[in-house]
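Each in structure tokens, the structures are laid out below.
Both complexes below contain chain A, partnered by chain B and then by chain C.
Up next, the complex of A and B:
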């Protein structure tokens, strides 16, 4: 088996607050193989976005990466200097954010924002200022064409507000892909979009991934999106990965009570909804016990002890005391 | 169909949009947003009508127009045989005891300076239905009905989670014991597991109080779950309506079909998706003829020029399309 492109091990990220340290990410381990797509699913506060902010080196005070390792293409990222981070971001790993309207600079044209990235990161631009700029402009037009924006030459000189929501999301994908990264992290790329436009954007990301041979991490709250677009899935709850494995297997036979509850919470015609009672725990002052314990219908005394990730057959893993019965 | 509790006919609402300074200096006429273009629907007593559509299609405007929270330009809204449009101020207020609304955003729709019990008590005070101890008791009892404890009654909105806030919004709508409730995207702002709790709650309340819902959502999963009948809106018009199960099983309008095909399914795998090109056009400049024609794979000459009339088919299905199968 090939080496993973991205390997996160026992990652811990904390945020200092007035009431104490909030451990937003607590012992997260996951990996992405070259060319693979991983879906990361979780509700608000599950730590999914913070995990990948750490992977991008974007955790800012009062947040702090407190431990664990992040390896990209065999290289440890935790110890990188700011300059080394800048060299990596955009060129090797790129990220698109949820809200394209606030992520784009409203005062700069779309073209300026793509060209800026290319000038900072692209390796194969010719020497000489004028030649570099015109080559970058040509690349930017090509990037807009790639993401399916009609009339890319004309739209290069327009501002973000002149684009619709779906088109803005495409612009952000164009920026992220302009330097042909090996890994694209898409954080809730379609949450703000209507369903017909969401389908277009997700299909576009899938097509580009296959075309460019890129790996993809799709961070989302929508298991349906993961079911259609990801090879593997990692389910997060309260700062931890609770279940991971091939998407179809996890959805067909979810092992973790939270995954099961999440699947039963999704409304489908003609099926009764059985919601998970209670709510996500506050991350401040959590004990060592299983974090799902207060909401779990099948809890047992053992759940009061720390629960670790157990590896199961079929490429699956589970953070639940019942894993021992399944292994 | 049994006698309709709510009968909406040909409701029209156009908004005048703002002009730029240049447009005003040039004395150009104000552009018009055509939010509702002659919308008709009926809801039988005890039923849930699901209203689905993408952002900007006019579904929320319709929900508010029914309660006259926005005044329609024309059309008829008949509730239990009474023409709501013709009611004067006092009669309308009395009618609103029977018709209530739950709003989408539980963060913006609750007064941050009132406690949960005070928020739920406001409608009782406005309608002069209770005072003093009885007022508080009724408010607290209503909070318990929606799953909040009496101990939480004196907390302020910011001390509640999103799901709990939506429960307060529901309690406020139901404290007057209405017969009809407009649920305007009541679960869109919530996480999946919390969304399921609220849907289960609305389900239970409907059974316990014999409610009739107009349930507005952009989420087909949610709509399919809650609806007896459903109506699909596109750019200010209803393009298809009918029994929910039938419409979801065999959509007749190309837009309904595309909408259903766009939803990611848990069953996963690659579906053969008829991808819908483009995006909903601006309601400021709606296309001629059938408003869906620029995105429709079946569009022909007549679609570009003539607005398709709503036709009623067997089984109570209504479809507005020139190319019915």
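Up next, the complex of A and C:
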């Protein structure tokens, strides 16, 4: 088996609060192979966004990466200097943020925003200021065309407010992809968009991934989106990965009660939606016990014991005491 | 207020400012006399509509028989020059300091905020007088004395706006794309906070013009025989009961220019906010 492009091992991120350390990410391990797409699913507060903020080196105080390792293409990221981080971000790993409507700078034209990323990162631009700029401009037009924006030449000099929500998300993706990164982290790329536009944007990301041969991490709370667009899935709950495996297998036979609950809460014609009762626990002073226990419908006395990730056949893994019966 | 009235006020205030700027630029061409040319036969000659006045000296003459209109026209140069130079310099310094303090935070913010707080604690005029007393009077020293404290104003505005802007998604997105701190401050944050900075700068030009007049009134500004509105008012102080025109007309000039700049600035601000 080839080496993974991104490998996160036992990552822990804490936020210092007045009431103590909140572990937003507690021992997360996951990996992405070259060319593979990984879906990361979980409800709000499950730590999925913070995990990938850590991968980008963008955890803001009072948050702090407390431990674990993040390796990208065989290189440990924790040891990078700020300048090395900047060279990596945008160039090798690109990220699109949750809210495309506000993630573009309102005071700069769309073209300027793409061109500046290219000027900062692209290595194959010709020498000389004028030549560099015109080459970057041509690349920017190409990037807008790639994400399906009609009349890219004319729209290059327009401001973000002149674009619709879906078009702005496309611009975001164009910026992220302008330097042909090896990994794209799309953090909730479709939350701010309506359903038809959502599907277009996701299909676009999928097509571009195949075309450019890059890896994709799709962070979302929507298992349906993952089912359609991802090779593998990692389900997160309360700062931990609780189940992971090939998407088809996990959706066909979900093992973790939380994954089962998520699947049941997807609306389907002719079936009653059954939401998961209760709420995500507060991430303060949690032990090694199963964090889903208070909400679990199939809890048993054994669940009081410490639980850890058990590897199952078929590339799957599960954080549940019932895993022992399945292995 | 109705749209037409707003429009009228914009036009009028811009027009008044434009007239003063034209006066400053074209002073040697449009001034009827040399502002330093004294003629003791015309000592305290009244304006043209009063007995003893003449059309060649429409606003009368001062105690040395110098044409007041010509001196006002040349005085415009000093007022506008000091106002624009001081505010420009202060804006450049204040913007850089405010961006650094608001974006970098940490010790930079502590130092900058401490300096602004201390400088704001001094009454402006007393501070400028103190500095001028150390450096000596003169145009250049006056510019330094005013700019020394003036940068605090844009700095506070920029720091506050930057604090808000650094938390926005587009700054986060720029960081995720590998932008450096300098790039984010100058290319991402600055264009978004320019509107309030320009509004403040406009209003401050008017304020600095008043301060310049105050310092010149006290004899600390430009030195005779160069004409400045503040020193002209001071010149007429002794004759205010007999020859009111010596002090009054430069006072009216200050009033008109400062009022016009303030109105223009206010209207600008309202436009910016929709």
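Here, the second predicted complex is superposed on the first by the 327 of 327 C-alpha atoms of A that agree within 3 Å, B and C clash if a C-alpha of one lies under 4 Å from a C-alpha of the other, contacts with A are read in each partner's own complex, and residues count from 1 in each chain.
Operating definition for what follows: contacts are C-beta pairs under 8 Å (C-beta built on N, C-alpha and C of every residue); 3 or more make two chains touch, one makes a residue touch a chain.
Predicted model only: the values in this text are computed from it and were never measured.
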Chain A as common anchor, with chain B and chain C clashing or fitting: fit
Touching partner for A:290 - first (chain B), second (chain C), both, neither: neither
Chain B versus chain C as contact partner of A:121, first or second or both or neither: second
Partner chain(s) touched by A:106 [first = chain B, second = chain C, both, neither]: second
Partner chain(s) touched by A:196 [first = chain B, second = chain C, both, neither]: first
Touched partner set for A:88, first chain B, second chain C, both or neither: second
Vertex chain A, arms to chain B and chain C (CA centres, degrees, nearest 10): 80
Between chain B and chain C, more extensive residue contact with chain A: B
Distance of closest approach, chain C and chain B, by C-alpha atoms in Å: 8
Footprint overlap on chain A, where chain B in one structure and chain C in the other make contact: none
Touching residues on chain B, where the partner in the complex is chain A: 54-55, 161, 163, 191-197, 199-200, 203, 218-222, 224-226, 244-245, 248, 258-259, 261-271, 273, 275-277, 279-280
Of chain C, residues touching chain A in the complex: 168-170, 172-180, 183, 187-188, 191-192, 194
Contacting residues of chain A [partner chain B, same complex]: 43-44, 164-167, 194-200, 202-203, 221-225, 227-229, 247-248, 251, 261-271, 273-277, 279-280
Touching residues (chain side chain A, partner chain C) in the complex: 56, 58, 85-91, 94-99, 102-108, 116-117, 120-121, 172, 175-176
